[in-house]
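Data first, discussion second: the structure below is written as structure tokens.
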Amino acid sequence: MIRLLTPRNVVLAVLLAFLVLLPVYAAVFGKPFVVTLFTRIVILAMAAVSLNLIMGYGGMVSFGHAVYIGIGGYVVGILAHEGVLSGFVQWPLALIASALAALIIGVLCLRTRGVYFIMITLAFAQLLYYVAIGLDRYGGDDGLTVYSRSEFFAPLDLAHKTQFYYVCLVLLFAVIGLTWRIVNSRFGLVVQGARSNDLRMQAIGFPTFRYKLACFVIAGTICGLSGALLANHTEFVSPAVMHWTRSGDLIVMVVLGGMATPFGPVVGAVALLVLEEALSGITEYWQIILGPLLLLVVLFARGGIMGLLRLGRAS
Amino acid sequence: MLLFLEQCLNGLQLGLLLFLLAAGLTLIFGIMDLVNLAHGSFYMIGAYFCATFTLLTGDFVISAALAFAATLLTGMAVEVIAIRRLYGRDHLDHVLGTFGLILFFNEAVRLIWGPAGMNVPLPAWLNTSFKILPGVDYPTYRIAIIVVTLAVALFMYILVMRTKLGMLIRAGATNREMVSALGVNINLLYTLVFGLGAALAGLAGLMQAPILTVQIGMGENILILAFVVIIIGGIGSIRGAFIAAIMVGLIDTVGRGFLPDLLALLLNPRSASSISPAMSSMLIYLLMAAVLVVRPEGLMPVSRR
Amino acid sequence: MSEPLLQVSNLAKRFEGIVATDDLALNVEPGELHAVIGPNGAGKTTLILQLSGQLTPDSGRVVFAGEDITGLPMYERAGRGLARSFQITSLFLDLSVLDNVMLAVQAHAGHSFHFWRNARKEAALRQPSLALLERVGLADRADRRCADLSHGEHRMIELAMALAGQPRMLLLDEPMAGLGPEESARMVTMLRALKRQVTILLVEHDMEAVFALADRITVLVYGKVIATGEPAAIRTNTQVREAYLGDQEAGHG
């Protein structure tokens, strides 16, 4: 029993309990804002989990992952604008659009490796960003207001703060569970092997490209779901959500939390966004602290928070 | 026709400025194997320095020289304090570390210079037009930019190919240990190279300053273009960067100039004018995608040992 | 009699003016252990790269089991029964030893687009992997992180991985590289045990091992074959002695 009470497990248990009980906490202490904040955190955590799949486990450092948040969001926004409010239509379409985009981008980008890959995904993110700015009919640079949230069947009302929070949380847990199974499956082992030594994987007989592409598409699709959720949450979607610096934020969350760990991205998202909230209360120039902090993490705490929690534990 | 010529010159000018950025980026990558996302920050810092010095001295040219020197020193300081700890690490570490630097610089500039943009006025003698052909007037300043950047490109070529320092730089790119073993202070060499790259970026920034507004985040947009340039040209190749930069500059500018007209042939004028800005921005990325499909390692890749 | 398992003809490869492979011809009979030796820079590794598909030859043909595989991508060759080990250890260092071998086994156990079942618990993958590790004497290290093992143990894992999927032919690129005398002896014993089960093309510098194991030897100099034959014939061949064994004996034993 003692062996279960490792620092890592304790921290995770507390965090997960807190996330589950959050609306209760908010109601008891009269802080409805906390639910809004953490809904956003949970949604971005989902995006970070999807990035971890390709980056942490797959070694594909995509600096354009936020585009799928944009794609998912715009599908919901555009359909809502055109009068299609059913979530049963919007969300699957958001997933399909994200998958297709990931397929095309993946086919073009996965031909490259290392630094090239990072820069090319960055450039493609900007390409889609400009496409969004050109969408005059749907707000262009100013963005698109989503007047009505996605509709499902009655009692489920996404406009209800607490309900929506739990929908997001359940989906986050589902996504974590899904990625955990994927990572440990045959497919996941191939992807990890390709990260570790792509040449060797080919030598033993794996056409690594198709596996990496499939992984890329899965990650993009999951991220598209988070985009659909975010559009519902903010009731707004704009090109800014796909800017490459947003992709940078996602990368920070994954690395800060701990790459290639199942809960790292969640921990990273919580840490980063709570830190942002806290620091911006102190000074409006909080990024001046965040910047060097990031550099320090890279230099001294490369395994992220999960890595730090594992220190001192006998392996 | 004359408009086309003017657009070509603008494109050449943009291309040469991109070359300054790309050359620094590719030099730093080729020699120190470092991906520097914060390169655009030096572009911004150069512009801000120039704006301030112009306010203080009233003379643009003196301010430009001072800003160049200031950016060089800033670059060297950044290398010593932060960058050198990243050598030898994973490229992801470089990306993350320099991303952190971007955040820091943007906020630092905001803190020091304030959130509003700045303007850099041109001296009267540069704010004129030059008759390059009968009937064709072209802004003197833009010609000055072209001349200066070509001169810098030539200077860099001579530096890298004909001097001892250049030889050390080239040697350091292919075999670091050897250069160290020869008794050369490799730390100093790297600091100088990084400073030089930063100064080139700053030069590009300060030269653009009178044309555009000097503002926070101005580095990021042009940084991406610089990345596209080195992807197309081949990472590590200065020659490739030059050719790719000119290509990108021309396509972006000429494309932007003529795309609305081209689109108006196919669509109604209103649609054409509303989607053409976005489409123009996309042209470069489409070019990059095309290059990737045909030659993933770039047009003039450098083979490393 | 039966056709050679591997037939290489007119193979040529240049790198910016340097001729790495020069009109190379080579046949490997089924069941034999055929060694390829030659001084440094003879093009032995380039040969392996072309046989395994990592490098495309400029001209020439590689025929394996009657099939022209010259242009076949690397990942298709393992499936045809042509496996390879690497000269510089090329393993999945951050994964476990068992994971390393399991991946090699998995490559021959159907497709890998399975997303749900835990692969590490699949008997179809575990059993053969553990058996392979037994064979090379590393079964007790299965769950250790690959990077934690010694160089000699890494070379054994290389071999185990090459054997996964029961290949018809092994391309071994300097399996003795960096091994001490004890470990080398172990490797020689391993290879001797493999001899009749698998056809082997062995590139090696270690002359003792080569002469102890080889059925036939091909000598390469500047990318060209200067002699092929049984060990005794090679040992006495004057051209070979001059070009190669001569410096070997003078320089280092």
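The chains carry the letters A, B and C, assigned in the order they are written, with residues numbered from 1 in each.
Heads up, the rule we're going with is that a contact is a pair of C-beta atoms (placed from the backbone, for glycine too) under 8 Å apart; a residue touches a chain by one contact, two chains touch by 3 or more.
Quick caveat: nothing in here was measured; it's all calculated off a predicted structure.
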> Linking chains that touch, what shape results: line, ring, star, complete or other?
Replying inline: line
>> I want to compare two interfaces, A-B and A-C. Which one has more contacting C-beta pairs?
In response: A-B
> When the C-alpha atoms of chain B and chain C are each averaged to a single point, how far apart are the two points in Å?
Replying inline: 48
> Using mean CA coordinates as chain centres, what's the chain A-chain B distance in Å?
Replying inline: 32
>> For chain A versus chain C, what separation do you get between their C-alpha means, in angstrom?
In response: 43
> What are the residues of chain A that contact at least two other chains?
Replying inline: none
> Which residues, counting only chain B, touch chain A once they are in their complex?
Replying inline: 29, 35, 82, 85-86, 89, 91-93, 95-97, 99-108, 110-111, 220, 224, 227-228, 230-231, 235, 274-275, 277-279, 281-282, 285-286, 288-289, 292-293, 296-297
> Inside the complex, what are the residues of chain A that reach chain C?
Replying inline: 181-182, 184-190, 192-193, 196-197, 199-208, 211, 214
>> Which stretch or stretches of chain A touch chain B in the complex?
In response: 61, 63, 108-109, 111-112, 114-116, 118-120, 122-124, 126-127, 130-131, 133-136, 244-245, 248, 251-252, 255, 285-288, 290-295, 297-299, 302
> Which chain C residues qualify as touching chain A in the complex?
Replying inline: 52, 54, 73-79, 83-84, 86, 90-95, 99, 102-104, 106-108, 112-120, 122, 125, 161, 164-165
